[in-house]
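Input: structures, listed below.
Below, chain A partners chain B and then partners chain C, in two separate complexes.
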Partner chain A sequence: MPSDSNSTSSNYSSGRDDENPNSDPNSKPEPQLEPEPEPEPEPEPNKNPHLIDQSLDALENQLASISMSSRSPTVTFEGEEEDDVESREQPKSMNGSFSEEIEAGGDADSLEVGRHFESDSKAESSGVNGENISFTWLDAPEVDEVERPLSPGSSGYAGEMGSTSGGDEIVDDDEDDSDIRGVENDGVLGSNNQSVSGKRHADEDDASVSWRKRKKHFFILSHSGKPIYSRYGDEYKLAGFSATLQAIISFVENGGDRVNLVRAGKHQVVFLVKGPIYLVCISCTEEPYESLKGQLELLYGQMILILTKSVNRCFEKNPKFDMTSLLGGTDAVFSSLIHSLSWNPATFLHAYSCLPLAYATRQAAASILQDVAGSGVLFALLMCKHKVISLVSAQKASLHPDDILLLSNFIMSSESFRTSESFSPICLPRYNPMAFLYAYVHYFDIDTYVVLLTTSSDAFYHLKDCRIRIEIVLSNSNVLSEVQRSLVDGGMRIEDLLVEPTSRAGAVSSHLGQPRPGAGTPGRTADGSIGIGGPAGLWHFVYRSIYLDQYVSSEFSPPINSLRQQKRLYRAYQRLYASMHEKAIGPHKTQFRRDENYVLLCWVTQDFELFAAFDPLADKALAIKVCNRVCQWVKDVENEIFLLGASPFSW
Partner chain B sequence: MGLSSENDRREAMKLCMFDLRRGQTEGQELDKILFFYPADLPLTTQLSVIGLSEGLITFTRVFSPDAPCEVIEAEKHCHVFYEVEPDIWMVMVVEKENPEAIWRVDALRSVLKEIHSLFMMFHGYIRALVDKEPSGGLVRSHLYYFIMDFLRDFSIGKNLQLPNFRDSLKEQGTLQMLTVGREAAIEVQSLVTLLESCVGNKQCYSMTMFQDLLVSTNLSPIDTLNLFTYAVRRLTPIALFRGASAWSSSRKTDTACNTYAGALQVTSVSAIDQYYNSHDPSPIRRHNYPLVRPLQHSKWSKGKDGFLTTDIWGTEVNSLVPMCPTIWLHLTEEKMFLLAYQHRGLTVILLVPVSSVSGDQGISMLKQQIIENASLKMLKVEEKLSRGWGGENAYHVSGYRYLLVDGDRYVSRASPPGKVTTLTKESLVALTKLREEVDSEKARAKWDNSGREKDIEICIRAKNNSWLIARLVRGKELYMVLPKGSETLLFAADATEKFSERYCNGAFSLD
Partner chain C sequence: MASSANKNINAKLVLLGDVGAGKSSLVLRFVKGQFVEFQESTIGAAFFSQTVAVNDATVKFEIWDTAGQERYHSLAPMYYRGAAAAIIVYDITNQASFDRAKKWVQELQAQGNPNMVMALAGNKADMLDGRAVAPEDAQTYAQENGLFFLETSAKTAANVNEIFYEIAKRLPRLQQTPNPSGMVLVDRPTERANSASCCS
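And now, the complex of A and B:
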């Protein structure tokens, strides 16, 4: 596995390298990347016939800069500001061409951002050239986190390492395998191991039997049928297949209609048209149409996060525009997102989850984030893997849970962020799909990172200062060590659910309303002999607070041991969610569902949604009682498991 | 022609049948089309519908070779596919814009299945007809009149009313049975024995119906279903009444058709009829095929002797005596004479092998024998059955709106339609969606090939507070709406349990 991850990492970086003339002598000239700032003097960008090319160049530069850092990996946290200053102090060439393109239809903010984008791309480019060293780490071998041991029960959906996946050659099971890897990856989200590697099975194409048997394909193509992304197989080899997909879409379109879904046996082909971008999923995973469509929306959102919706303009100018180069090297980002579609409830709940922390600890983090948010930071997020520790937004700005998901996926799957502080343009599709923001990203430790988002392209040093202030406060107040401890302790465990509410009274002060587990207890989830689930055959639950936009899910406990079982449960929740939220008539209020695998109970109110899984033989009356207890338990510990008072999506 | 303007005759449905073994060379594409409704659609449009269908069948075979395209869901249309025979496909394209256009794909597909299985019963395999005359004229004519006659059952005014959410407590393609007491059952049995003795040594089949309900039969399940479907459409007292009223209200009548050509003439005017008056596809006009239109409306009537008669199958060459109808049995592929005797609510259908009866003479003799030996018995049976029959609301269970399906036996029972209409649209739509979910669970179990049937229990409290319930147990299905359910899930579960105990012999009870 490590060897594979090495190669994928270099895949990723080489994608970037292609964009960088310094690393590829044969690449086409990139004026903005030249050491001299004026190789392409364009004082009147609007009159420039090559405007679109420029925009594209700018986009490519953006991509190059995404993985770029301001310092080399050898430096430590402290005291490299000087270098950074040097590297950053490049003149900006403000020709604003892209911004003019972007701002149409945008608000003042986006206009601003658009301008910044252009200037920043120049700045970034200059930065690259000013400091070639910033690319050197990209080819460096993986840092040691690959080998890092798992923290047990570190996340709601992280399983134990126990069952390892089979080889990739097991075609029929590849979905399971990959998902398993995805989950494992969740356990070690820091380590960019195989699962979030770049392209898998790049040697395949639509003529390969193995390719045809993959359980879940994702394709992105342009409206002219040019492949942009394929989960499996090489995009170029799939040009013919891509053209077929395009033909289907446009054939139906020519008839004045739009194709959404084709069903064939166990297979579903789901289509999503987003302007000039077509997204297609071919799946036999039994997920409902609505879920698959939501997944394509996320995939599109991920693309927008990297490129902004302004990429549409490229197609307006040149319908045959080839977008693959723009996304070069981002395979890992998409792979990682696709994996999370099989284990992360955030992808269908449209809510985010928080790392469980004592209220005071989270408050400490929030107050320092709040401090910096006052000073030109639009959003400040402190994250641990895909979970939020705290987040703060400037007045009136709001952060959609999907944006948090896509942003954290982007950061965690891009190895570059991990190794050094970065300043990178990103777009939050739900916030403003037309414009770039600038993300300052810094990892405090292997799992914990801060993201500071701003509209200003030249805020790097300011944000760096902010980060230093945050870091000092976090270490002084022990937040980071509390975070590590929370990772070890894990979240809510069904075994700890007490059926009699009164018996809890004394324990409220301890970890999530239960006595803190001793040193040996993390093994409890790994030890199959201990558990048969919680009371009344409760196996697992997910609770989503509607007005907080957050969810909490219990740790996996026996008998939901294996990753396969976890994924099956995840899919069952997904179906239940789709069933409850049926568009025409939903949402329903209650649902009880019993099949050979589970009893599932779902309860939707104005305040929350509860999804609970029980033993298939569970008694209805008892199960209902236990659900009520779960809701009470969540309420009892809500200031530990949720971020209160943030209400990031309130206007 | 009596046609309204093109604009207000926008078709909400397209229905086509095509053969993938035909017209594979460029320029010959039209050859593929065996049937297209509406027939007056420009050929380019017809070809584009078939082109898309064929394209997607090919495309989906890449991933799903054993089960190619089943449905296309587009923004405005839904295309439902059904491969009726190898390489012969039917595709129904329905519009979604109408607020009534919420349906289960499986219910729409069952319409296609019904068309094909009825067609088979009267005309045999489509492939055989295609092979019989490779130009395609023969099969096209047969399909054209057959399907147009079939569709007329669905036409309400100018529109076709396909099964939609209002039919969510119905199961197409199933039999509805009459529950009979022990005494009546013995009577029916003795009637069957009596009829068999009338036929003599020949192997014969019978089917006894009361009103639109099946009482007893010795046919195979598939043949029972087909014959039952036909009887309910054309033979039962209700169907005859329907036909007669259509007959009397029709502006143009033509009862004096003693020839095959006459059989093609139109008896009443509806949107469908207008098509084949004005848009008869030319290949059909050119050839004068001997056509039988078993689904032609208002063609059956009850004779003085109690036997149902029709001239659909033409008449004897030198007389005015109608020829006896014939059908094909599905399993044995044996051709049978169909004799139907009716007394009030009772309809008895007798199938006798064509090979065993010497022409019309034999049929008349057989009829005579039945009248002499069995008519009294039939009177008695009818009396018994109607005494035990509780009327159209016989199977109503107050507080419940339900549908019970026994998939293995193709049998269903449901709340009477009049009671179902009291449900709100919201509840019916919600139930349709729930049934779609169950349909896909069933399909999944089928594809997983596990061999065992899926057992599932779903209980939903909808937004309007009604409870929707679906239970699958060992191939049996129960769907219910409890419109006035109380708050708790336990109440709903309890109500289901009671229903199962009282009306389903505990088939859906836990433990």
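And now, the complex of A and C:
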């Protein structure tokens, strides 16, 4: 951010550089990210980045011409872009992918949209227009994926969308759980219009200009070309388009090959074939192929959760089977999942997150769930929104993080679960994609709900009794009020990351979300970053424990204020994740990447993966030091932020 | 199946009918006195209980509000198994929902509890302009099949309590022994009981 450059560059003369990152007295034999492999001893590497990184830049630019997918989406700044890549990226292997420009023709027309890309990103990085952009939150959670001219106020597009929804205003930026607001809003405003939580823009089809301008389409179709689901537009009206997609897939299949990816200008068309079900994503968001494919996998998983894989049998009986009616009433489930692809790191980390709670509180919840699980309950989950409070599996059963994601998405996006207790068949695709389990769902309050899963269709009254027992214990031990408090207090704040290692011991005792007198504020002023972000320009981090299959994400704080910025950061993490896990040349251990938006640092060990975002002018050595502190901090509070000793994969 | 201790009767009641006929709206009107114009689709089945007092007894209804979506049809036996009463709901503005209601009646007659009290509810009776099913047709059909028939409106509350009270009155007063777990298994096994997949 150019506007920040003055304040942040003063950072580097603040005198904290002399602190040797390795002189940390508390340093354990734990992995430490060492700045040594840095070839640059320059104290202020950012003042003149091109001198140092010219060769890397040149390499990067070369690579970029080969592989677009790992690039930052801002094309305009390419010349000024500066990337330090410790673990050098190799050209993406394109094996098996069908990478060919679609030439002129009817369909190429419909793909030929993304021209205002530069102006869009300019508006975004200037950081000025963010608040003025008319934002149809309810109707189009992905609205910033839709091209708009430089001046957002005059965007004809926003006006167009405004006609379909009352909520043209951008939603308050400061809350972390913006995501849930979406879901709640659906419920609260549901009386306004049925389409609010159901199909979005059902009136569109592939002939509509607005439909073509959508930045990210998802389609599910059958192998005979019948539409099953489309994110935008009416499925039946899209029958022709769906048949075209089917034709592309079967054309390649007839040649004994498989189509994975088609690039058409800025658009990527990603295909996923699951037996008789085809899934397609058409996107100009520049997300890596692996990410988009993972998103299609999740979409398929969500469908399996609703129907089980035995839906394939319908196609064996009748290849022309029309599946849309089987998914009746589930549009809200799919749109909520697609929306969460841009705010929920669980969608690409394949890990779940826990609500921060005192260890004893979580233990109280765990012990009653454990009691219940002994009595014929396969999985018992206590959740608050999309975060786990506690979960227990019957012996030998394991619950995959993706199943937790899909299950909680299904429950939270279906308003019906809130009206009363319910007992519904659901399938956990990673547990057993062929069979239904039966889910007893009950909300204790507006955010907190219990899910009891069983294999027995007769177990309702038993599960109801279990729920009553759980409810008694939870209210006697104040778990529910602690949960509400945790929601208010929030999770880890980067401002609370202690700069001085000596004062870190104090942090262990205090509750996560509590303000720590004398810790945050002096740390920040000493840092010179005038109240923005954490030490050394740290803006945000995500820490994933590999052993626990859980992650923790810091709260958003300035300057990552708006939903758009948060989403953009997640996209950046997603690219980082994909590049670190690239099969051909990965996995990598560290990556330090600087562009005009952030410094991104990723560090992968056997125990954890850390993703951290810093001010774009952050100093590398300092950033590395701060990452070490973050890891230590996470370890210090791990029994509050993680569910320990109940790893679903520990069997 | 209903059970009585003195004059307290527990009765399992199931609502069946096409998507959007108004099953959830009827239940919410009866149990909570609420009505929302755009009720979300039910997932699986929602459970409610409500007690009504009739002349000679107190009837505690355990109500299963089932989802009308096609994918849940094969799972319906799970919910109507052992039910003492059923309300089959259709939308008076939608002929297809009336046809669907007849199919549910057939299925219950074939597979349900033979002593089940069945009611036919023509819902959305406030929407006279859009009427597609004549009340006479429904009345005739109900008589032929041993159901009692009322046109209801969850929106205006017309006949909503009445239909539940009428069921409460008609429930047989001589009861089998109560099942301690509350779950009553079928007298004769239904052949669809183990078809747990969506479309078998």
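Just so it is clear, the second predicted complex is superposed on the first by the 436 of 651 C-alpha atoms of A that agree within 3 Å, B and C clash if a C-alpha of one lies under 4 Å from a C-alpha of the other, contacts with A are read in each partner's own complex, and residues count from 1 in each chain.
Methods note: contacts are C-beta pairs under 8 Å (C-beta built on N, C-alpha and C of every residue); 3 or more make two chains touch, one makes a residue touch a chain.
This one's a predicted model, so the numbers in the text were calculated from it and none came from an experiment.
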| item | value |
| --- | --- |
| Contacts of A:S393 with chain B and chain C, given as first, second, both or neither | neither |
| Partner chain in contact with A:R313 - chain B first, chain C second, else both or neither | second |
| Touching partner for A:S340 - first (chain B), second (chain C), both, neither | neither |
| Touched partner set for A:Q591, first chain B, second chain C, both or neither | first |
| Touched partner set for A:A435, first chain B, second chain C, both or neither | second |
| Partner chain(s) touched by A:S424 [first = chain B, second = chain C, both, neither] | second |
| Chain B versus chain C as contact partner of A:S242, first or second or both or neither | neither |
| Contacts of A:S486 with chain B and chain C, given as first, second, both or neither | neither |
| Overlap of chain C and chain B interfaces on chain A (superposed complexes) | none |
| Interface residues, chain B side, partner chain A - complex | 48, 51-52, 55-56, 59-60, 62-64, 66-77, 102, 426, 429-430, 433-434, 437, 441, 444, 447, 454-463, 465, 488-490, 493 |
| Partner chain B, residues of chain A touching it in the complex | 206, 212, 244, 247-248, 251-252, 255-267, 269, 282, 284, 286, 289, 575, 579, 582, 584-596, 620-621, 624 |
| Chain C residues within the chain A interface of the complex | 19, 24, 28, 36-38, 40-48, 65, 67, 69-72, 75, 78, 181-183, 185, 193, 196-200 |
| Chain A - residues contacting chain C, complex | 190-191, 193-194, 197, 306-308, 310-311, 313-314, 325-329, 332, 410, 414-417, 419-426, 434-436, 439, 457-458, 460-462, 464 |
